[in-house]
């Protein structure tokens, strides 16, 4: 990756509405460069939070969407073929470590369990990354920090972080915000008025009670913002909710009826 | 892929007969660049719909038939070897994001579950695609939109989209059109008269009732068009139906008898 | 593959003895370029039929023996390394589509289920093949047609075509020919007299009744031609039948006795 | 592979003692270039037989020891990198087909089931081998024949030839020779006198009765030749039998006792 | 890897508080270059111990974090492409063997069981490493020693070292230190006073009793150091313990309550 | 690999104490170049024996530690990229066959079952190795012999040699030596006096009785040499036994107690 991390700087303040002491705790953790784990369901604002903190701390942020096919080389780097033979190219983790960015591994549990082992030497007091293929022992920049996200409702026996990985991180819990806060967020992000936002949050709250009773996940804040943004373009509220809150998450007719009538209750 | 997306422009209006408010909802979704998911059984017109919308919105359309062996690199791009070393080549997703096309991932559920993770950063407010191998953080063109198709009768425990993927899309349901509309489509596409088209639709309706009772899928609109096109060349209706409606979808003798006698009822 | 398809033209009429209206139906299907699926047991003449039709329609025929290790690139093409860097080479499917051949995918069910997805865009009204690695959207030549073969007794839960693939094809059933026709074929192909050919067909008919009762497949027409050709070189009929009809298909002593005594009944 | 097949010619007559009409049947099969399958237990002389026939027919013989990791490219050929880019190199099957050798695929059932599909077009009347990567349709040399070996006691549900492969071959059964013939072979190959050879064959006969009762395979002719060759160097017969007949095939103490006492009975 | 091992020298004495005779035993083992295995739970100080010994023995230390995807080539080395063709690059194991470092394979049980076979020739009296791809038989430098770590609570039936590997190592047991020692370590590493450190150790002791009763692993010394370091920055003790001791290792509400009340008992 | 096998010559006589007629039997087997299989538990001296024989017969010895990831190319050879294109490099098996070394495949059962098939043509009377990728039929040097090792207590249903492989080898059994012989070996190799060596062997004998009753393998001769060598450096006998005989092979507390008290009985 490029030496110039300007593209990874967060130039505009990302809107983030704190729900507890998470901002202060993260600042303390960053001050000792403690590796951090953000826990919580999908779409509740973990990614937004880390963007906000990167903006606040004025550090570049390199985000990696983890997946099963990701190899250690995808994180660390590899040799590329060049006109003059091979040329080393740092991967996102090495770039962040070398130049002092916050490296955010999103949904780290999706990566092959043992690929995560490559981050271990960066998470203890050595703060090094062995680039074995290059023969370099990269010492992390003083500004470097590693952050991972993790959805606890998600992991299965096959996919969980190893204890020896978990113990290397401090952890912050995230969840959907309280009613008033969430409505404020939806209104702020979409431009709908607070009354519509309140109704959308109420629908979401009903759906979240169905989690585990036919729904794998509740309706997230992100989905409410989708609904609000369609409504803001002039789509009828019921149609907007159908397209953004109901149809995407279930194909079960009974569950659709239940959600549709929750929508009808409020709009 | 080439910078020139002219080959991907839909020059002639694709015939599409709306069944409800799907055209308006899609236009509203596109106006806020909301990622969209088209749900419905095989052969009911999802691909035709997205071609129609691309034509209507005057945007190039890049279609990717997803499959299990597709890697993230197939979507994002890779380095190719050149006389002067390596040269980066955008994949279809990167091409669409860079130059402002609609990118349509057909049967996305066939792709490895975690390959789909690469589309996440394009589906939230960041609208970026990290080209990690190239070290570029590609910001999507303002015209770019991502659309996926999804057959709900299809997914198994092994193959389903993750909740964190589903929640990133608005969704539109598709199904076989009503009798009169479907007959109109068959007649329009094949040149058979409306009476023959009506009969073909009636046969399909009988077969669709057998779905789940010995048939995995009903007879689709696409198959009716196949039958009509053979009839239009002069093949006898019963033979045409046998070749296009019955033989392709079942080898079970009883089921074949049932379908053959449905054909005999109408022709 | 080479641009010159002369090697793929069928210069001499392949002997084919029609059993019903399959030649006419195929001609009608070809006239509208409908993708076709040839269904039937191994060795009953599907490959011979498609060669005959290619000869009759005066189109080059590119045959691909599908297998589990076949990748999409094997069908579509790949970049090869050259003195001047990389050079694109069309695969057999792209060659057929570009230059207007009939592309015959033999035993398509052997291919990985999702590899077959690459043929989808060639089987609907778009008739295109996206060469994603090359960045080309190949539009099929007007003469191009795709044909697949499929053995219905063969597929298992693990290996079957997807419904969304099946629905893209018209289908023709094949089976072993009737006694007189099959004897005529055996005599024609091997030079044995019709009396010997009749006996061979009678043996095959007995064996075919054992299918599912200890034999996985019956004795095919192809095997009878093998037996006849050995007899024609002067080998004793019983020895020829032992080598070509019995020993290849079973190692079970009882089944071998049953088949050997069927041979002894006629010779 | 090299164009020059001289290294593959069998210059000295390999000793082979026919047991029935197998030599004549093979000659008739070769005269019509029928693909042949040699069936029988390990070490009973299948490889020796095909070497003998290649010598008798004065054709070069290319032997391929099949294995699970063998790819189609290992048989067909591949592009190699050269100073001037890539250069095609025929694999053993293509070499044999191009220059007219007998190609012997030893233990073909070990190859991945679908790798064997690549030999199909060479086994029917087309006698072609599509070199898809090279874009060449190789027509087999008139002298080319394909021969495979197959151990029927071996195949499992997971590893068996497909019916559509089996039906493409004539088959010859092989087994351990009769007592007198086998003793003659052992004496001829090792130089021990006929009395010792007779004793070794008697030991083998006892062991073969244990097949399926604690032994996976009996003692093969090859093993008797090993025993004889150690005896011929002056090793005591019991020690020689222990090293070559007993210790290699079983670690079960009871079975070792049974075999050791069979040895002690004769020596 | 580079010939220059200076980057791998441990320049500053790593803090290590011995608990028994492990330092002396290791020195004796090193004096005969006996391969050593460090056994114990995650985060109890195995890595720190080997760093301390490398510092004490004044030998460079090359650490490899083992993982499932690690190949023998990752340890041994590989050819890299260069302007002048290929160039051999030693892997970390070959570098250590060639130049006389201590090679520490961390969490060796994560490596594929048979990858560990490559270390065998370095662990017996031959002390060689065959670089098969390079055609070199590398004889180990007199200073070279191999050390592995191993978490006995970790291995499953699928993942355990082979007996033939285990028998090649001397072994030292590690565990969490006694209360007073552990408190001393926490105070020394974080700067909190001994009273706070004592409380943190007491919390850990309670949690360690829950191992196997709802917790997969106890709270490690490393985690206590994390807690202490947050407290040292001014974070309230309960919040610091929540972030570093409780949230990372469990999502079970009852277990969280149990741990939280253990925290509340002491702070 | 290099043409020069000097690095593979065994220059100093490796200490080996024969236990029966294995040296003479091996010499006879080598005189007819019979492939040999050395059977026995881990650490009982199989590798030492083959080194001793290579020294005695004055032949170079090429040892390959087999593993699951070893491919046929790792044994046979491969093309490497060079300034002038590709260059063939013999693998260890081809090197041994070409230049007349003894090739020792250690723990051959670890290799993928079918990789072992590549050695077949070298083990029968043809004594050839087809280098299929190079197009060369390599005839083995007259001095070449192949030797494999095999631990009978080890193989599982998944990992065993095929009968058709086993039958190609003569076999020699190995086991731990008798008390006096083993004590003599331990004293000779470590320098401890014979009394200490006797005690160590007595401890091992007790442990070997536990094999199958809680221990997977007994204490090997190699481990006794480890214990002796620590004692020789001045470590207390009990501590030395703990580190080298007990801790490496079991983590079960009861088993550790049993072994520790066996140690205490003698020291």
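Every chain is named by a letter (A, B, C, D, E and F) in the order it is written, and numbering of its residues begins at 1.
Assume a contact is a pair of C-beta atoms (placed from the backbone, for glycine too) under 8 Å apart; a residue touches a chain by one contact, two chains touch by 3 or more.
This structure is a prediction, so every number in the text was calculated from the model and none was measured.
Enquirer: Over the chains that touch one another, what is the least number of steps taking subunit B to subunit E?
Expert: 2
Enquirer: Just send me the rotation angle from a CA overlay of subunit D on subunit F, rounded to the nearest 5 degrees.
Expert: 60
Enquirer: Roughly how far is subunit A from subunit C, centre to centre by C-alpha average, rounded to an integer in Å?
Expert: 52
Enquirer: CA centre of subunit A versus CA centre of subunit E: separation in Å?
Expert: 30
Enquirer: Please list all residues of subunit A that touch 2 or more other chains.
Expert: Residues 81, 84.
Enquirer: So that we know how the chains sit together, what is the shape of their touch graph: line, ring, star, complete or other?
Expert: ring
Enquirer: Follow the ring of contacts from subunit A in the direction of subunit B and write out the chains one by one.
Expert: Read from subunit A toward subunit B, the cyclic arrangement is A, B, C, D, F, E.
Enquirer: Please output the residues of subunit A touching subunit B within their complex, sorted ascending.
Expert: Checking each residue of subunit A against subunit B gives 1-2, 7-8, 42-43, 47, 63-69, 74, 80-84, 89-92, 95, 106-107, 110, 151, 216-217, 220, 222-223, 226, 229-230, 232-235, 239, 243-244, 247-249, 251.
Enquirer: Can you list the residues on subunit E that touch subunit F in the complex?
Expert: 21, 25, 28-29, 31-32, 34, 37, 39, 71-72, 79, 81, 84-86, 112-115, 117-118, 120-121, 124, 130, 132-133, 135-137, 152, 163-164, 166-173
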